[in-house]
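The following pair of complexes shares a single chain, chain A, combined with chain B in the former and chain C in the latter.
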Partner chain A sequence: MTVQTGDSTEAPTRRFDTLRRRRTVVTVFTALLLALLVVGVLQRGVAPVLQTVVDGARLGLVLALIGVGLSVIFATTGIFNFAQGEFATLGAAVALWLNVAIGLPVVLVGILAVAVGALSGYASERLLWRPLRARRVDTTSALVVAIGLGLVLRHLFLAFMGGSSRSYNEYTVQTQLELGGVSITPKALWSIVICLAALGLLALFLKRTRAGQAIRAVSDDKTLAEASGIAVNSQLSLVWAVGGGLAALGGVLLGLVEQVRWDMGNQVLLLVIAGVTLGGLGTVMGAVVGSAIVGIATQASTLWIPAELKYVTALALLILILLIRPQGIFGRRERLG
Partner chain B sequence: MSRRTVKGLSVLAVAAALALSGCAVESGDGTQADGELTLGWLLPQTGPISSLGAPQIAALELAAEDINAAGGANGMTVSFSGGDEAGDPAVAGQAVDRLLADGVPAIIGAGSSSISLSVIDKITGAQTVQCSGMNTTPELTDYPDNDLYFRTVPPDTLQGAVLARQIAADGATTVAMIARSDSYATGIANATEAALEEEGLDLVQRIDYDPNAQNLDAEVRTIAGAAPDAIVMFSFDEGAKILQGLIQNGAGPDSTKLYGTDAMPIASLAESVDPSDPGALEGMTFTQASSGEGTPFTERLLEANPDLETTAFTPYFYDCAVLIALAIEKAGSADPADFAPEIVGLTNGDTECSTFEECKELIADDASISYAGAAGILSFSDVGEPTTGLYDVLVMQADGTTVVADTVRQPEE
Partner chain C sequence: MDVLSILLDALRTAIGPTCAAYALGALGLNLQFGYAGLINLGFAGSLAAGAYGLAITVGAGGGLWLGLLVALVASCAFSLLVALPTVRLRADYLAMTTIAAAEILRLILRSSWAAPVTGGVYGKQRFADEFYALNPFPAANYALGPVVVSGRSLWLMVVAWVLVALAAAALWLIVRSPWGRVVTAIREDEALATSFGKNAFAVKVQVMVVGGVLGALAGVVLAVDQQNVNPDNFAASTTFFFFAIVILGGRARVATPIAGAIVFWLILSLSDGVLREAADLSAAAGGWFGQEQAGAARYVLVGLALILVIVFRPQGFFVSRRRASRMEEVTA
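Take a look at the complex of A and B:
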C-alpha cells in the first residue's frame, strides 16, 4: 500500500476541479443510461423495461453483496481476493446441507451460513494472509495464492457436493406477484430487501462505529493508523470476517433464486469484479452502484440484442468506464467510505 | 566417495531410469502385457451430464465381463481404463493424452458431443478408434475422421423428426424452443426445427443460451412471454433451473406442453425442480434413444448394479465395446489399422446375432454377421453410424417417475 501523499498539500483549485470533473462524468453517464431506458420504454413499453430493471437490480444487489467484501479487502490489504466467489459458494453449500440433510428452515440456515462465512474469512486471515504478510510477500504473489485458494476450495466443493445443481427444500417454485406491471417472486423481492439492508448496515458500520472508522483509517494509511494506536491486525481480521460473511449471505440468496452448484461463486466472479471495479474499488457506494449497473445492463440489453450477448454489454460498459475514468465511478485512489 | 563420483553415479542412475521407462512405453497395438487388452473410455464422471456417467461405465464393465466369459477378444482378456471428460475440453484433452500414452487401441466416448468434437482429431490422429454411445450431433456424420470414429446411437436428425411428430400428434400448433449453445443441442434443435416445418407447425421463438450463464431469467421470460402451445428444451442439468423459471412465469406443464430429451437427468428432474412437489413436471414428455429391442440388457445391468439411477444410453456403450471386440476377433489383431475397417461390415452381414459369444462363434465359422445387440439393429452407414433409430417417448407422472408411452422407429417402417 502506498503512503498517501496528502490531498491537503494540493492546491484547493485542483481538488475542486477534480470534484467537478467527477460530478460531470457521473451526471453525463446517468443521463446516458436514463436516455437509453427512455428509448427502451418508447420502443417496448414500460412493463418490459421495468421488468428488466427489477431483475437486473436483484442480480446486481447480490453481486454487490459478494463484491463489497472483495472491495473492502482490496482497499485495506491490497490483495485482490480471487477466492471471493468461493466464500459465496461456501455460504450456499453450508445452507444447502443444513437445509436438506438436517432439515433446518431456510431462514435459520441463512443466518448460520453467514456465521460460517465470517468464520472462514477470519480463519483465512489468521492462517493464510497474516503469515504471508509477516514474510513480506508482495501483492502479486498474494494474488496467485488467492487464485490457488479459489481453485482448491472449488474442487473441495466439487468433491463434497458432486457436479449437479440443487435447490433448497423450501421456497423453490413460487407464484409470481404482480406489482405495477412487474412480475417478481416473493423470494426475489426478499433478496432485494435483504441485500439493501445488509449493505445499508455495512455503510453505517463503516461511517459511524469506531471499528468502522478504524478500518477506513487502515485503508487510508496503514503505517499512520498503526502509529495512532490502531491494532491493524485485528482490524484486518474484522475486514476478512465481514467480507466472508457478506459473501456467504450473497451466496445463500443466489442459491435461493437460482440453484446451488459447486462453481456458482466462480461463475459470477467475473460479473462481481466488473461491478466493483466499475463502481470504484474501496467504496461501498461504488460496489452497489457498479454492480447494479452491471446487473441492469445485463438484463436490459436482452430487450434489443440476443440473449447470448447479454454479458457482452456489461463488460463493454466496464471497459468504456475504465477508459474514461480508471478508478471507477466513485473510486478515489485508495480511500474507503 | 568423492563429489565427482557421486555426480557421475547420479547421472548414470537418471539415464538408466529414463531408459527403463522408455521400455515401459506401450507400442500402439494396446497389448500392455501378453494376453491382455486394455481399452480406454472417456465418460462424464463430473460435469453437467455426470448423472449419466456411472451407469455407462458399469455397462462397459459388464461388456468386459461378457467378452472375457466367451474367451476374450482374439484370445486376449479385455479390461478398461478410463478418464473423466468433466464437461471441459481441457480436462478431457488431458485424459485422452494419458490414454493414448498408455497405448489403447480404442477409446469409447465421449458422452457429450462437444467434448467428442474437441478430442476427435487427437484420437483419430493417433490412429486410434473412437466409438461413442451418446454423441448424437449431426455434425459428426461427415466429420473427417480417417474412418476411425463410430457411434452406435443414431444422429439427431432422426430424433428431431420423432419429437416433431410427437408435438404435432399432441395437438400443438405454435412451438417455442430453448437450446444450449453447444454442438449437441444446436444439432438437435436445428433438426427439430426442420422437422417442425415439415409437420406444418409454427416456431414462434427460439433462444440458444450460453451454457456457462449463471442467470437465465431473461431467456426464460422471453420464451414464456411468447405464450406458445408447446415449449421444447434441449438442455443438460441446467434444465432444472429453466423449468423452475418457466413454471414461475406461468409456462409450466399445467398450461403449456413441455418437451425434453434424454440429455437431461430425467430420473431426478422432478426432485431437482421442486423437492417439495414430485408432481411439478407431471405431463412433461421426453424422447430418448431406446433400449427396447434386443437382449433385455437394462434389466441385466440393473441386476448387477442395483444402485444405478438411470440406464440412459447404456446399451449403446455396451454395443460399442462388443463391436470393437468382435472387430478385433475378426481381424485377428488389436491394431486399429487392421480391425477398424471391419466394424461397418459387422453390422450389415447376413446372419443376425445378438451376443458376443454368438457372434464370435459365427465369425469362427467364417459367416458374415449383423450384430444387433443391446441397442438392437445398427445397420451402419459407410461413415460408421446407424441408419435407423429406436426412440422411447416418456411421460412424467405425478410421482416424479416416467413411463414409456410409446416406442417408435425412425425412419418409419
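Take a look at the complex of A and C:
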C-alpha cells in the first residue's frame, strides 16, 4: 500500500503557497503575542507575565488535547463536532464517579476515563456519523445534529451530576511550588507533562505507524486515499476513538486542576476551536501551537482586563482568526465576490 | 396536579406571549437560516440587544417608545457589526463567528465591569410599567376557550400575536419580491447569483439585519412579559431553541415557524408537566429524579428532537415531502 500525501486536485505551487500563508498567519499571531507580553513585562514586571504564560500554556495544552480529534475530523469529513466538549466532560465525569463513589485512585480512574472516552468516540462514529454520511447529509445538517447531540449529552450530565462544581477526593489542595518566580501546583505541572507526553505520542503514532500514515492520507485527501486502497471508514473510526480518548484525558486534567462541572467541556469548546483553527486544521503540531497561543493570550489578557472577561479575548481571537483565513483549511477558496 | 391541568397549562403556554415571542424570532431566523442559508448561531445576541436596549433606556428614564427605538437600533448595530465582516465566510465558519459574537455580548452584559449600566448578573427589572399602563382591557379575567387569563396578560398576548401576524405578512410579501428571489438564489448557488450581477454580500447583510430586527422584537416581548432581563437568558441554548422551532416547522416557508413555535411549546410544556409530576412522585418515593433532573430533561428532549428531525424528516413537519422534492427540482 502506497500512501501519497500530495494533493491531487491542486497544483503543487498553490499548495506550497497556502502552506506558506498558514505559516505566516501563525508567525504573525506569535509575534503579536510576544509584543503583548513584552509590553506586559515593561508595565507589570517579569513575574506576573511569566505566571500568566505558564498558566496559559497549561490551559492551551489541555485545549489542544481536547481539540486534536475535532481538528482531524474536520479536515477529513468537513464536520465541526460541536459535541467535542462533551467528550471532555464525559472523561471528567467518569473519573469523578469512579473516584468519589467507588474510591479508586485518580491515576487509575484517569486511564479508565480515557478508555471510556475512546469507546464513546468510536460509538458516536459507528452509531451516528457513519449512517449520516451514508445518507449524504450535508454539512449544515450535520452541524445541527452535532449541536443537538451536545445539548442531549450536556443535560444528561446535568441530570446525573447536578449543577454544582466538584473536585476529586485526591490532590484537591496542594501547596504551590516556586520555580523562578512562578508558582505552580504539582498537579498543574503534571498536567503539562501528561499533555506533552500524550501529544508527543500522538505525533509519533501519526508519523511512524502505518495506521497513522493512513489517517494522514485520509485527512489530506479523502478521495485519493480511498482510491489508493485505504479503508477510509475504519480509519475514521480510529480517529474518532483516538479523538474521544484524548478529549476525555483533557477533561480529566481540566477537572484535576480546576473543577468538574456538567458544562465544563462546552465552556472551553469555542477556545478549543479557536486554537485548532489558528494552528491549521488537521495537524497535531498546529493544534498544539495554535492552542498554546490562544491559552496564553487568554491568560495574559487578565493583566489588563478583568478576569471575568478573559474568555472575551479568546472569542475575539476566534473571530479574528476566521476572518483572516476565511478560505478554510487548505486554502481552497470558497469565497465569492 | 392531574392530566387536565397539565393539558390546560400546555394550552396556556401555546397561546401565551412566550410562544408568540418565539414565533416572532423564529420568523426572523427562518429568513436567515431557511431562506438565505446563513447559520446564525448568534441569534440570541439579537434578542439580547433588543431586550437590553429597552430595559436600559427605560431604566435611564427614556420612556417606552424611545426604548423600543433604541432596542431596534441596538439590534441593527449588533447585526451589522456581526454581519459585515462575517457573512462572506463559509457556512460553518459563519456559525462559529456568530456564536462567538453573541457569547462576547453576553459575557460583557453580565460582567461587573458593565454592571452599572446592565445590572450585571442580576439584570434589569421593572421597565414595562408604561406598556401595561396602556392596557385597554379592564382588569377582569377573560376566558379564551378553557384558558382563563388576566386583562394584563391578554393585552401583551394581543400585541405579541398582532406583531407575529404583521411580521408574517411582511415576510410573505418580501420573499415573493425580486429581492426575496435573490435571497433564495444566493442560498442555492451563490456563484450563479453573482454572475447575474446580484450583490450577494449586500443581500446577506440585509437578511441578517432584517432577521435580527425580528429577533430584537422577540427579545422585547420576552422582556416585557417577565419585566426582567438577565444575561443568561440569552445564552447559546436559547439560539438552539429557535433553530429547533425552525427545523421542526420546516425551513423556507412563511408560516411554518409560527406553527413550529406553537407545536414546540405545546410539546415542551406537556413534557415539562409530565416530568415535573414524575419528579414529585420520584422525590416522594426517595428516587433520584428530582426537579433539577426534570429541568435538564427538557433540553435533552430539544436536542433529541433536533437530531431526529434532521435525520428522519429534514424538510420539517409542516412541509410535505412531495412539495420539498418539487422545490428541489425547480431550484436544481
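Going forward, the second predicted complex is superposed on the first by the 288 of 337 C-alpha atoms of A that agree within 3 Å, B and C clash if a C-alpha of one lies under 4 Å from a C-alpha of the other, contacts with A are read in each partner's own complex, and residues count from 1 in each chain.
Criterion: contacts are C-beta pairs under 8 Å (C-beta built on N, C-alpha and C of every residue); 3 or more make two chains touch, one makes a residue touch a chain.
Predicted model only: the values in this text are computed from it and were never measured.
Novice: In the overlay, answer first, second, both or neither for which of chain B and chain C A:267 touches.
Specialist: In the superposed model, A:267 contacts chain B only, not chain C.
Novice: Between chain B and chain C, whom does A:174 touch in the aligned arrangement: first, second, both, or neither?
Specialist: It touches chain B, and chain C stays clear.
Novice: First (chain B), second (chain C), both or neither: which does A:164 touch?
Specialist: A:164 contacts chain B only, not chain C.
Novice: Between chain B and chain C, whom does A:308 touch in the aligned arrangement: first, second, both, or neither?
Specialist: Both chain B and chain C are touched by A:308.
Novice: Applying the touch criterion given at the start, work out whether A:150 contacts chain B, chain C, both or neither, answering first, second, both or neither.
Specialist: second
Novice: Looking at A:115 after the superposition, I want to know if it touches chain B, chain C, both of them or none. Which is it: first, second, both, neither?
Specialist: A:115 contacts neither chain B nor chain C.
Novice: Looking at the overlay, does A:259 come into contact with chain B only (first), chain C only (second), both, or neither?
Specialist: A:259: touches chain B, not chain C.
Novice: After the superposition on A, what does A:189 contact: first (chain B), second (chain C), both or neither?
Specialist: So A:189 meets neither chain B nor chain C here.
Novice: Which chain A residues come up in both lists, the one for chain B and the one for chain C?
Specialist: Touching chain B and chain C on chain A: residues 158, 162-163, 306, 308, 311.
Novice: State the interface residues of chain B toward chain A in the complex, per the touch definition above.
Specialist: Touch residues, chain B against chain A: 46-48, 50-51, 87, 181, 207-210, 212-215, 217-219, 221-222, 237-238, 240-241, 244, 247-250, 265, 268, 272-277, 280.
Novice: Applying the document's contact rule, which stretches of chain C touch chain A when the two form their complex?
Specialist: Result: residues 37, 39, 85-86, 88-93, 95-97, 99-101, 103-104, 107-108, 111-113, 190-191, 194, 199-201, 237, 240, 243, 247, 292-293, 296-297, 299-300, 302-307, 310-311, 314 of chain C touch chain A.
Novice: Quick one: in the complex, what on chain A touches chain C?
Specialist: Residues of chain A touching chain C: 78, 80, 132, 135, 137, 139-141, 143-145, 147-156, 158-159, 162-163, 270, 273, 306, 308-309, 311-312, 315-316, 318-319, 322-323, 326, 328, 334-337.
Novice: Going by the contact rule at the top, pick out the chain A residues touching chain B in the complex.
Specialist: 51-52, 55, 59, 100, 158, 162-170, 172-176, 183, 185, 254, 258-259, 264, 267-268, 271, 298-299, 302, 306-308, 310-311
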